[in-house]
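Here chain A shows up in two complexes: once beside chain B, once beside chain C.
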Partner chain A sequence: MLELKDIDVFYGKSQALHNINISINEGEFVTIIGANGAGKTTIMKTIIGLLKPKNGSIIYKGEDITHKESWTRSQMGIGYVPEGRRVFPELTVEENLRMGCYNIKDNAKIKENYDLVYELFPRLKERKTQLAKTMSGGEQQMLAIGRALMSSPKLLLIDEISMGLMPILINASLNVLKQLNEKGLTILLVEQNAKKALSYAERGYVLQTGRIILSDTTESLLSNEQVKKAYLGG
Partner chain B sequence: MYGIVVAINVGIFAILALSVNIITGYAGQPNLGQASFFGIGAYTTAILAGKYGVGFLPSLIISGFIAGIVGLLLGLASLRVRDDFLAITTIGFNFVVVAIFQYVPFFGASMGLSIPPLKLFGYPVGYVGLFIIILLLMLLVILFTKRMERSWIGIALVSIRNNEEAAESLGIDTRKFKVISFGIGTLIAGFAGSVYAYYMGFIMSYNFQFMTSITILSMAVVGGLGTIAGPIIGAIVLGLAPEIFRFVSDYRLLIYGAILILMMSFQPQGLVGDGSIFANIVRKLRPKTSGVDQ
Partner chain C sequence: MFLQQLVNSIVIGSVYALTAMGATLVYGILRVLDIANAGAYAVGAYIGMAIYALTGNLFVSLIATLIISGAIGICLEKFIYLRLLDKPSIVPLITSIGVFIFIEDLLRLLNGPYAKRFPAKLPFSGIQLSSVSIPATWILVMVVTAVLLFILWYILYHTRIGLAWRATAQDMETAKAMGVNINLVVALNFLLGYGFAAVAGSLIGIMYNSISPTMGDTPAYKMLAIIVLGGLGNPVGTVLAALIIGLVETFLGGYIGFFLPRDAIAFVALIIMLLIRPKGLFASNNA
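The block that comes next holds the complex of A and B.
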């Protein structure tokens, strides 16, 4: 479904990603784990198109999207939950969700998506007229995920679901992702909390200073000595 | 007589503050050159009415649209730059426009241009009539902004201001909305310019220089960017200050500059913006309507 081929990304003169090769099949739940500054967010921004790679190509559903604008990629079915729950603070919950279905013209589909999101996160329905900035961290995370789901994505990119959340909310959020994945949504989660990510996803990549150093099923990664030592606390 | 002149001035600047509010307030795009569109509107009217004898309404409408089209073009040309670079681009544009007015003979060069007195249906319109026209125009702008606020354009603009990257990643063509905001904001400034030309009867490039842009932006900032009441209140406060305190008029640049810095540091949301001292007082006075609370 998604393939990154030999991607190099630079910030000015410094290279952030080196020769990244990733491929995700339809229906998979894949994670990329790595420490702070490894380049996880950079990969996500490159896939959604907020950053342009210097070399390499991005293939989505057989089409080369390397030079497409990010809003076009979103229209093609790539949903994105940015790092740090970047909701629109000055819009209400409902307006935030409405922005998510900006490109859907079919009202029945929009209604269906609202129902789906409200069913998944009843809390959002209770607070739909509230400004997003007045919500707690966990609620904002729900909103960020809900907003991405409003666009009926085929592939969902999530940047750090665990950041700033209580452990119980991390599990709840991951369970939601698992649930969505079981319904057929393809998911790519980048995560600093390696233990959690590896126990929910099927396949994982390990990113270190801008390079993929390992790639395997999450089962094997969890028992890999190198991973254990560096990311799972020994 | 004196009162109505002051009121007209404040009214025109309120419309201008509302116009820059669309670009800087709602879309969050810095614009330090709004006076140039005010000037384009005024000069268009001066040429149409003064040189070709075109009537009030067609002059007003054409002036707005010409300013709006130039605004759209500047918006398009500015897509590659953002934040401080956009601010500098708009300042530069202001200087270019003023220079054109000042040196091109067609625009009267250093002599300026004169505009015949305003007539509607054959009858001359005095200051009071002009003030009513300005109020009507302001009302239209307010109604339009109110409608826009909760429309697709309005919430898309706020989403861009809040987080441009997130907006893009949701499939919003941020370029399109930025250009739209420039088009709308400059169109309104063009209308204000047209009315201003009739009011003044004589215009010079001097009226539309960078300092005027700062004045317009200061009014919107002081009142509260991204609100409707804010720019109007800002225009009243800053518009009346030089009339009430003579020394303000002498040190206008210094005082407006100081106000901008103080507001940005202590009340960036302006006098009536969300979370400002004034808004908090109003919220406390208003009974709670919703049962949902933190």
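The block that comes next holds the complex of A and C.
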């Protein structure tokens, strides 16, 4: 479904990603783990088109999207939950969700997606007229995920679901992702919290200073000595 | 006397609001202080006069002024500002001052340095209510401003593209990733921003029956005071700030105008406000 081929990304003169190759099949739940600054957010921004790779190509559903604008990628069915949630602070919950389905013109479909998101996160329905900035971190995380789901994505990119959340909320959020994945949504999650990510996803990549150093099923990664040592605390 | 002064200040405030709205919209999205917007004010006065002389129809000339100047705004955006966005913000600022000077001198070259008349015949007459007299041109200014600001408010708060405008002003990158075609939002921004300033220039030209290449000078400075007072990039704050400056100028100008020129009052207000509330009277948190 998604394929990154030999991707190099630079910030000015410094190279952030080296020769990244990733492929995700339809229906999979894949994770990329790595330390702070390894380049996880850079990969996500490159996939959604906020950063342009210097070399390499990105193939989505058989089409080369390397030179397409972000908004086109979003229209093609790529949903995005940015790092730090990035909800629109001065918009209400409902307006934030409306932004998520910006390019859907069919009102019945929009209504259906509102219902779907409100069913998943009843809390958002209670707070729909509230400004996003007045909500707690956990609620904002729900809103960011809900906003991404409003576009009926085929592929969902999530940049750090655990950041700033209490452990109980991390599990709840990951359970939601698992649920969505079981209904057929393809998910790519990048995560600093390797233990959590590896126990929910099916397949994983390990990113270290801009390079993929390992890729395997999450089961094998969890028992891999190198991974254990570097990312699972021994 | 009080009522007369009040009407005066609303008229002045309306023109200020319309003039400053362009710079507010541009700042809201691009975080660039666009001095050249006041160039559109003078350009608008000349375009308005030319089209009025051609058609004799005030309504047509105002609409055409808005559209033509808006189109000029879009050209400036595409060929200049969009190319400077990754530079430090001082670069687009200085560029916009350069564009402003260029526009003024171009007008001087084309039309000569002297003031020209803009004698418009209004299809209605003024109102005289006991002690308050409202000339027809003032009514024109207030009505046109009210209509344009209403249209802007409607677009921003009740349409899909308006929602996209607000989202983009808060977080451009995320708006892009949510599927907003930023190019369209920015183009609309310049269309309305330059269009509104141009209409304001036309209205002032009609009101004083006089236009000149440098007529945008004072508005350029004052526009800065107003958009800062209004909380930088906040359209509603800009309207309130413009009305406040209009009120303060008119009333204070009446009493202390003999030693402090009227045009200085906006800046005294700006300095006092920056000392007390540096983010502006109506700052939103994300501005």
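We adopt the following convention: the second predicted complex is superposed on the first by the 234 of 234 C-alpha atoms of A that agree within 3 Å, B and C clash if a C-alpha of one lies under 4 Å from a C-alpha of the other, contacts with A are read in each partner's own complex, and residues count from 1 in each chain.
Note that contacts are C-beta pairs under 8 Å (C-beta built on N, C-alpha and C of every residue); 3 or more make two chains touch, one makes a residue touch a chain.
This one's a predicted model, so the numbers in the text were calculated from it and none came from an experiment.
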Do chain B and chain C fit side by side on chain A after the overlay, or clash? clash
Using the superposition described at the top, determine whether chain B or chain C touches more residues of chain A. B
Touched partner set for A:Glu126, first chain B, second chain C, both or neither: first
Does the superposition put A:Thr134 against chain B (first), chain C (second), both, or neither? first
Considering only the touch criterion stated at the top, classify A:Leu50 as touching first (chain B), second (chain C), both, or neither. both
Would you sort A:Tyr80 into first (chain B), second (chain C), both or neither based on which partner it touches? both
Partner chain in contact with A:Phe88 - chain B first, chain C second, else both or neither: both
Determine where on chain A the residues touched by chain B overlap those touched by chain C, and list them. 48-50, 69-71, 74-75, 80, 82, 86, 88-91, 95, 98-100, 102-103, 147, 151
Chain C residues touching chain A in their complex are 160, 163-164, 166-167, 170-171, 173-182, 284-286
Spell out the part of chain A that touches chain B in their complex, as residue ranges. 45, 48-50, 69-72, 74-75, 80, 82, 86-91, 95, 98-100, 102-103, 126-127, 129-130, 134, 136, 147-148, 151
Residues of chain A touching chain C in their complex? 48-50, 69-71, 74-75, 80, 82, 86, 88-91, 95, 98-100, 102-103, 133, 147, 151
So, in the complex, the side of chain B touching chain A is made of residues 152, 155-156, 158-159, 161-163, 165-174, 226, 274, 290, 292, 294
